[in-house]
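Working notes for the structure below.
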Amino acid sequence: MEALKLTKKDFTSDQDVRWCPGCGDYAILSTVQKIMPDLGVPPHDVVFVSGIGCSGRFPYYMNTYGFHSIHGRAPGFATGLKVSRPELSVWLVSGDGDAMSIGGNHLIHILRRNVDINILMFNNRIYGLTKGQYSPTSEIGKKTKSTPMGSLDRPFNPLSLALGAGASFVARAVDRDLGHLQEVIRAANAHKGTSFVEIYQNCNVFNDGAFSQFTEKETKDDTVLYLEHGKPLIFGKNKDKGIVMRGAHPEVVTIGGEGGVLESDIVVHDETVPTPHYAFMLSQLQYPKFPEPVGVLRSVEQPTYDEMANEQIRRAKEAANGSSSLEKLLNSGDTWTVE
Amino acid sequence: MVEAGAGSREDTARPSQELESVVIRFAGDSGDGIQLTGTQFTNTSFIAGNDLSTLPDFPAEIRAPAGSLAGVSGFQLQLSSQEVHTPGDTPDVLVCMNPAALKVNLPLIEKGKVILLNTSTFNSANIKKAGYEENPLEDGTLDDYQVFPVDITALTLGALEDSDLSQKEKTRCKNFFALGLLYWLYNRKMDTTEQWLNKKFSKAPELAAANIKVMHAGYNYGVTTEMFASTYEVKPAQIQPGKYRNVTGNTALSLGMVAASQLSGLPVFLGTYPITPASDILHDLARFKNFGIVTFQAEDEIAGVCSAIGASYGGSIGLTSTSGPGLALKSEAMGLAVIMELPLVVVDVQRGGPSTGLPTKPEQADLLAAMFGRHGECPAVVLAPATPADCFDIAIEAVRLATKYMTPVIILSDGFIANSSEAWHIPEVDTLPDLSVRFTVAEDGKGPFTRDPETLSRPWIRPGTPGLTHRVGGLEKDFNTGNVSYDPDNHEKMIRTRAAKVAGIAKDIEPAQVVGPESGDVLILSWGSPAGTVRRALEVFQKEGASVAGCHLRHLNPFPADLGQVMAKYRHVVIPEMNLGQLRMLITANYDVRPVGINKVKGQPFRVSEIVDPVRRLLQGVH
Amino acid sequence: MEALKLTKKDFTSDQDVRWCPGCGDYAILSTVQKIMPDLGVPPHDVVFVSGIGCSGRFPYYMNTYGFHSIHGRAPGFATGLKVSRPELSVWLVSGDGDAMSIGGNHLIHILRRNVDINILMFNNRIYGLTKGQYSPTSEIGKKTKSTPMGSLDRPFNPLSLALGAGASFVARAVDRDLGHLQEVIRAANAHKGTSFVEIYQNCNVFNDGAFSQFTEKETKDDTVLYLEHGKPLIFGKNKDKGIVMRGAHPEVVTIGGEGGVLESDIVVHDETVPTPHYAFMLSQLQYPKFPEPVGVLRSVEQPTYDEMANEQIRRAKEAANGSSSLEKLLNSGDTWTVE
Amino acid sequence: MVEAGAGSREDTARPSQELESVVIRFAGDSGDGIQLTGTQFTNTSFIAGNDLSTLPDFPAEIRAPAGSLAGVSGFQLQLSSQEVHTPGDTPDVLVCMNPAALKVNLPLIEKGKVILLNTSTFNSANIKKAGYEENPLEDGTLDDYQVFPVDITALTLGALEDSDLSQKEKTRCKNFFALGLLYWLYNRKMDTTEQWLNKKFSKAPELAAANIKVMHAGYNYGVTTEMFASTYEVKPAQIQPGKYRNVTGNTALSLGMVAASQLSGLPVFLGTYPITPASDILHDLARFKNFGIVTFQAEDEIAGVCSAIGASYGGSIGLTSTSGPGLALKSEAMGLAVIMELPLVVVDVQRGGPSTGLPTKPEQADLLAAMFGRHGECPAVVLAPATPADCFDIAIEAVRLATKYMTPVIILSDGFIANSSEAWHIPEVDTLPDLSVRFTVAEDGKGPFTRDPETLSRPWIRPGTPGLTHRVGGLEKDFNTGNVSYDPDNHEKMIRTRAAKVAGIAKDIEPAQVVGPESGDVLILSWGSPAGTVRRALEVFQKEGASVAGCHLRHLNPFPADLGQVMAKYRHVVIPEMNLGQLRMLITANYDVRPVGINKVKGQPFRVSEIVDPVRRLLQGVH
C-alpha cells in the first residue's frame, strides 16, 4: 500500500466534470477519489462501470478504467468483467432510475449472486438526465413532468428491495455527510461479495431538498439513526431515544427519565445476523414515524459468484489433470476411422 | 413385397440386396426412446462406414400425454454408400411405435414404401387418441404401402419373461426390439450398441442385460420369421480417409469455440439464457470448464449479452447464444459493442417466427434482423454455417474476425443445423488457424482508438494494463482520442469508419466458391441449412448435364469480394431460403442482379424436388 | 352470483391439456377451474395472462379470455389491460423462471404499483419447458444440464423478494394440498391490489420431489407452518411446536411440558401488519431450521394503481367540466388568425 | 454596415428596410433563458403574420457549468414573408450572450453577417472557459463580421436600479433586454410577450414587472443609440387564411393522438419510458387526462410496449413512444403484436446512433431497424412525418391503419421534427377522417381469426364480450380457428397472409405526390425531416427552370402503389437522408431503380446547398 504512494490526483481524470453546479454528485465523486489511494489498488486495476443517467457520467471523471454502458444494464457488464477478471476491483455507479427502474432485474440478480462488486446507487428520487420525471423511489403523489396530477406508484425502499433479493451487504449514506460516506464506502469495499450502498443524493435542479430533513442541522439528529455494529440503536440530539422490539415490531422509546426505558433494553445493532429479517426490519424504519438508519445494515460473508465460478474452473482443470488437450477433445466421443 | 437380390449372410437364409442409400424414420411416443434408437442406428452405421445425415424431430411439448399426436417424436436418417448431404426428403422405411406416430408420419411417406408397425399399441384407446375413427391396420388406410405388422411389445415382454424387472421397465425395452430387427434387416452388427448399453447402465446392469436381450430378440425375430424376403446392405461410402465422429451443429459449434479459445490463447466467456434450439450450446460448453471456459446462465438474454461484452472488455472472447426472441432482446447491447468496438460473438440458432412462432422448427428468417436489427448505423459481421460440421469452422472464423476487427460477429445457425448431425472429419489441430491475440500495452504508444490503417481496427486494451487507463462508452467518440465528442464532422467520420471497417473484411475472407460450371444458365445461391439439399440438387443437374452451378455463402456481411463477378456469369441467380426472400433482398440491394427466390416457410427443410423443380422450370423458360 | 349458475365446465376450454402426465400443473388448473364459478364473474369477464414456460400454457385450458404472451413480460401486458379495463378480472400465471428470472423487474414493479391482478407463480425450481436448466429458485449446488458441477447462485426467496418490493398480498400454497390451495387462491382473488401467490409445484420430469418434504405425510406436519390470521404460529404432529420472538429473532420452541413455553408466548399471526417486516420475518422461516409457512403472510389494503389512474381521469374530466372538446384543444395555446 | 432602405416608424428616426426573410440565432448559456427568448420572438412574429420555422439546439448536459462550451444553448428561427420550410441554413443575425456561445456558433455563420454580443460577459474567466486565448472582441477574430457590442448585463442592472430584486434575479432578466432590442430592430410589438410575462409570473408580479421593464429598456436602447443604421421589416406572409398556432413535432403528435382517440371513440393508452427526444410526448399526453388518455410511465421500454399491447387487447389504442435504444428493446414484444394481430402505434423519435450516440441530435438511421428489426418474418407498417405539423396527420393515419388492419404501425419522427416548430393551420374537426371502430360481437358470427377478405384483417374482439372467449398467443395460429397450430402448410399460409395484409395497405394510402415536373431529369425522393430543405431546394431549381421534381414519402411500408411508375419517369432518383442510405437500399431492393444517395450523418439537418449542389452536379453529368 505504502509502496504505491497514490494521491487523489492519481484517480482524477482530465475530463471536465459536467454535472449541474450544486449537484450532490460532486461530493460523492470527490469522496471516492479521496479514499481510492488508501485501498491499495493502483488506478489501472480499478474499473468503474456505469449505466445511463447523470450518475452514469461518473467513470469519465475517474482516472481508472471506465465503462459507461447502456441504461440499466451495468450489472450485466460488471458481472462478465468480474467473473472473467476476478483480480480487478470493480465498482458500479448507478442512479435510482438506472438501478431500480429499467435495471431492477439485473440489480436483484447481481445481489442474489453475490458477485464481488461495489455498487453505489445515487438516489435522488428523480430522473435527472431526462430532465425531471418521477422515479421508482419518488414519493407517492409526486408532481413531475410525466405526472402532472401526481404519481401513483408506491416507491421502492431500495434497502428493503436489496434485502429481499438476498443482498449480503447493504448500507446507506448521505451525500452531505462526507465523513460518514467515506466510512460506508470503505466498508463496502472491504466486503467480499456484492456491496449495495444507497446514497441519498440531492438533485438541486429537479428535486432540490428531497433529503433536507436528513441533512439540515435542525432536524438531522432526530431523523437519522447512525448504525454502528455492536452499539445500541440510539439517536436524538440528546442521545436519549432508541429502538426496542415489542414482540415482532420495532418501536421508538425515550431512554431514562420517568417512564423511560433502560439503555440495556435498546436493540444492539448486529450487521452480521445470518438471515436478513433483522436488517429488513431496520430498512423499514422510515421517517416520520422512525428515524432513518444510515450506515451498514447488513454485512454477511458468503461465497462470491466470481470466486466459486473460478473455483469450478480450477477444479475441472485439476480433475482433467493436465489432459485437457484440444486434440483429445476433438477426438473424443464415438469416433471411427476411414482408411 | 420387396424383391430378392444378390448377397447373403450366414445366419439368415435370406438374400441380401445392395442399396445405394436408404432413408429410415423412427417414430413413436416421446416416451418410447425414439431419439435414442435413432442415434444408436446412426452410430452403428457410421462405424460401418456409411455416410450419414440425421434429423431429430422433437415434439413441441415436453411430454405430451402418452399416445397423443402432440407427443409424437421422430428421428430420420439417411445412410448411403455415396456422399450424403441431407437426412433425405422422404423415408423409405417408417418405423411406427404407435397409432399417433402413424397418423403424424404417414403424410411424409410415398406410396409403396415400407412401414413397420408395433401392433401391440393399436388398441382402441390409442387409435382414438391418434384421431383415427377406425383401426388403420384394418380399414384399408395402409393398402398402398408395404406393411410389416409386428407385435413388438408382446414380443419384448416375452423375451423378458424370466426377468425380475417390473412390467413397466420391461415395456420400456421395446425400442431395442425394433432396433435389433432393423440391425438384422440392414446387416448391422450389434456390438456398438451393446457396449453403449453396458456403459450407460453400468450402475444397473440388469437394465443393460434386458435391453441387450430384447435387441437380440428383435434381431432373431428377423432371422426366424418369414416376413422379410431379403435383408439389405448399404456398402461403406467412399469417404476421405481419416478419423470421424458424428456431430450435431450445436456440438460442433461448442467444440469450435473451445478450439478458438485454445488457438487464441483467450478464455471464452459464454453469457447466455436458455432457449430452444440454442440451449445445447450452453449445456455443451458448461462441460468444458477444464478448458477454462466460463459459462454464465444469466437472468435473461440482455444480461447474457451484457456479461459477454463485459468479459470481452476484460480480454475474454465474449460469447452469447440464443434464438430469435433473444436476438431481438440483445439488439440494444449489441449496438454498444459496435460503438465501443469490442469483440463479441452472438450465435442465433434460428427457429420459426415471428414471436414464439414454431419454437422447435427451423427457419432462416432472422437474416435481416441480424443485419439491421439495431438502431442507428450499426454494422456487424454476419456468418452462417452450411452444415452441422461447418459450425466448427464458423465458430473459429467468428472469433478470428471478432478479435481481429474488434467487432460483433453474428452466427446464424438454425434449428435444423443445430439438431441434425453428420459425420465430421476431425481436423488435425495443427492445421487450424492461428488466432493469437496481443493486447496493447503502454509501450506500444497507442491510444484506445489508434486504428490499424490496414484493418481499421482499434487496439484491444485490457483493464489492468498500467499506463493505459481510459474510458469507453456508448456516446460518440472522438476519432483520435476516443473521448466523448459531439462534433458533427467527427460523428460522420466515425460512422463511416465503422462501416468501412466491417465492409473491408471482404478482403480478408474466402472468395465465393462455385460448384459446377463457372458460367451458364443458373447459379443457385444459398446460405445456411439448405446447403445440403442444394448439393443434392446440383448432383441431379450435373448428372443431366444442365448448366446449373451452386455458390454457398458462409459470409453474409460482408459478402465475398468477388460475389458480384461470380453472379454476373449466369443468366439467372436462384436463391432458395426458408423465409420470404431475405438474402434475395440483400443481393438485389447490393448488386445488379434480380435473383429468383425459392421460398419455403414451413418450419421444415427443403426437399430436393422443391429446389430441382423450380430451377428446371426456369431452365425451360417456363418460370 | 347465483344467477350465473356456472360450473367448472364453463371454465374449461376444449383444448387438449399438454403437460407431462403427473405434472403438478394439473392440480392447480383443476383447482382454479373449480373455484372460478364461485367468484361471481362470468367467463367472458375473466382474462388469464401468461408468459412462456410450461405454466404459460395455462390460459389455453381456461374457457375465459386468454393471452399467452412472451417470456417474462406478462405483468406488462396485464397492467395495460387492467388499467384500461378495470372491470375485468385479470389473472396472471407464471413460472419461477418467467416471473423471477427474465421477468423479475416487471414482477417487482407490478407489486410496487399494486395493480389489482392475481398472480399465481408456479414454482417448480427448474426451467421445465426448456428441459431442465436450474432456475433462480433452485437450491445452490443444483446439478442441471447448464450446471453440471452445480449451480452457484443463491436462490431467491420469492416471498421475501415480493415483500421487499412492497407487495400488499403475499401467500404460499402447495400443489398437493388442494383444499388449502383453494382457500389461498380465493383469498388472493378477494384481495384488492396485486396478490402474489407462490405455489410449490412438482415438475416430475425435471425436478421430481423438490417439495416432497412439505407434501409427504411423514414429514409435512413438522415442515409446514399453516398460517391463520389471529391464530398462533403453531405446528407439529402434536401441535406442540411454535414460533416465538427472542428480541428481533424468531425461534422454534416446544409448547408446554418441562422447560416448554406457554401457548400465549407464541407469536399470533397478523396478516394485516402495516409494514412488511413481520411478513418478511415469516418468509425467512426456512426448512430445515424452521417449518415453512403456507397461507397468507400479508394482506394489506392499499389503493390500487388501476383505481387511482382511473380516478385521475375522472377528476380531470370533472375539472374540465364537460368542456374537453377536441376543437377547443386544437385551438388552444397561442393562436393567430390569417385573413 | 447595413444599408439604409425604405420605410419608417414614428418612434425612431431610423429608416426601416424590408426583408423577404431573416434567420436569427439566439445563443448563450443554458441558464440564460435562450429557449424562452427564442420562443417569445417566434410567437410575436407568428402573430405579426410571418411564416416561421424554428430549431432549438439544446446542450447534451442538463446544466453544464456556467460559461462552459458544453453549456451553450441555441435557438434558431427563420421568419419570412414567403413560405418557410426550414429554420434556415445559416444565421443572418447571431445573438451571443457569452463568449462560449460565440465560440460554438461562429463556425455556423458566414462572413459579413451580424453578431450582437453581450460584452458584459467577456471577462477573462469566461473567455478562458470558452477556450479562447485572447479576447475575441479585440484580437481580430470578428473583423469580417458586423459586430454590435452591447453591455447588456450592465444595462439590465441599470434599468432595474430601483428594484428590490436581488442582484441574481436582476441579472436573470438580461435575455429580455436582448429580446427588446430585437423587437425594436425588427419592428415588432411587445404586447404578446408582456401578456405572457404577466401570466407566467402572476404569483410574482415584481418579476413580471422587472422583465417588462428590461425589455422596454432594450427596445429603447435601439431607439436611442446610433448603433443601428436602420430597422428591418419582414412583411406578413401570403398564408392560407385560417387559424394558426405554433407546434413542435412532439406536440402535434400528441394532439394528433388525442384527435385519433376522439375520432375513433377509443381511449388512448400510452405505455412508455422517458427518453430524449421523445419524452415530451409523454409530458404532453399526461396533461390530456380529461380526454380519457391514460399515460403510464413504465419501468422500462419493454414494459411500456407490453402495457400498450395489453391495452390494445383490451380495446384501447395502444401507444408507445421512444427513441432508438428503446425501439431496439421493444422489438421482441412488437413481434407478439404482429402475430397476435393487434393494433399498436410505436413512435420512434430518432436520434444520433448507434448506441447512446448523440442523444440530443437528429438522425434518420432507424428506418431499417423499423422495417426489419424483429426476428422472423414480421412485417409492420412504417410511416414518417414530413414536418412538425405533419405529426398531427401522421398520428391520425397511424391509428387509422393500426385499427383497420390490426397491425403495429411505427412512426419514425426525429429529433429535428420533434423539437422544431412551425405554424400549423388548425384543421376544422369535421374535416378530419372518421376512425370509428366496431368491436366484433358474438352475433357477428365471426371467430377471432375470421379475416375480412378485403383488408385481410382479423376482427378485434374485446375481452368482456360474451360468447367470444378465446385464447391468443405468440405461437403460430391456425388460419381458421386461431388455435395453436404446428402444421407446416398453415405456417406458410399465415406468414404469407400477414405479409399480404401489410403489403395490401398500399391500395389504401395516398398515391405518391410529385412537386414539380411530372417527368424529367431528377426526382428528389425524400422522407422525414429533410422535407423542408428539399422543398427549398426544389424552389431553387424551379426558379432556374431545371428539370427537378420532388416526391416526399410519408408511407415507407408499404410504399405508395404507384411509386415505381413515378420514379420511372425520371432519369435519376436522388435520395437525401441523414443516414448512410437506408431508404436508398429499400428502393433499390424493391424497384428497378438505382438511386443516388445524398447522405449526411452529422446530427444536423441538411442545408439547402447540401442538396442543391450534388443535384446540380448530377444535372451537369459530373456526378
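The first chain written gets the first letter, and so on, giving A, B, C and D; residue counts start at 1 in each chain.
Here is the rule we use: a contact is a pair of C-beta atoms (placed from the backbone, for glycine too) under 8 Å apart; a residue touches a chain by one contact, two chains touch by 3 or more.
Predicted model, so just to flag it, every value in this text is computed and none were measured.
Student: Return the chain pair with more inter-chain C-beta contacts, choosing between C-D and A-D.
Tutor: C-D
Student: Express in whole angstrom the distance between the two chain centres, defined as the mean CA positions of chain C and chain D.
Tutor: 45
Student: Any idea how many Å lie between the Cα centroids of chain B and chain D?
Tutor: Roughly 48 Å separates the two chain centres.
Student: On a C-alpha centroid basis, what's the spacing between chain A and chain C, in Å?
Tutor: 29
Student: List the centre-to-centre spacing of chain A and chain D in whole Å, with centres computed as mean CA coordinates.
Tutor: 40
Student: If you look at chain B, which of its residues touch at least two other chains?
Tutor: Counting only residues that touch two or more other chains, chain B contributes 289, 299-300, 325, 332, 335-336, 355-356, 473-475.
Student: Residues of chain C touching 2+ other chains?
Tutor: 52, 70, 101-102, 104-105, 109, 136, 149, 309, 312, 315-316
Student: If each protein chain is taken as a node and each touching pair as an edge, is the resulting graph a line, ring, star, complete or other?
Tutor: The chain contacts form a complete graph, every chain touching every other.
Student: Under the touch definition given earlier, write down the residues of chain A that touch chain C in their complex.
Tutor: Where chain A meets chain C, its residues are 101-105, 108-109, 112-114, 136, 149-150, 152-157, 160-166, 245, 247-250, 267, 273, 275-278, 280-281, 284, 302-303, 305, 308-309, 312, 315-316.
Student: Given the complex with chain B, which residues does chain D contribute to the contact?
Tutor: Against chain B, chain D makes touches at 60, 323-325, 327-329, 331-332, 335-336, 338-340, 348, 350, 352-359, 361, 363, 365-366, 368-369, 371-378, 473-476, 486, 488-489, 491-492, 495-496, 498-499, 579-580, 585-586, 588-589, 592, 594, 600-604.
Student: Across the complex, what residues on chain C touch chain D?
Tutor: Touch list, chain C to chain D: 13, 15, 42-45, 47, 49, 52, 59-60, 62-70, 73, 75-85, 87-88, 105-106, 109, 309, 312-313, 315-317, 319-320, 324, 326-327, 329-339.
Student: List the residues on chain D that touch chain C in their complex, please.
Tutor: 43, 46-47, 49, 192, 236, 239-246, 255, 258-259, 262-263, 267, 269, 271, 288-292, 294, 296, 298-300, 302-316, 318, 332-333, 335-336, 426-427, 429, 462-475, 483-484
Student: Taking the complex as given, what residues does chain B use to touch chain C?
Tutor: Those residues of chain B that touch chain C are 61-66, 68, 70, 273-276, 279, 282-283, 286-287, 289, 295, 297, 299-301, 325, 355-356.
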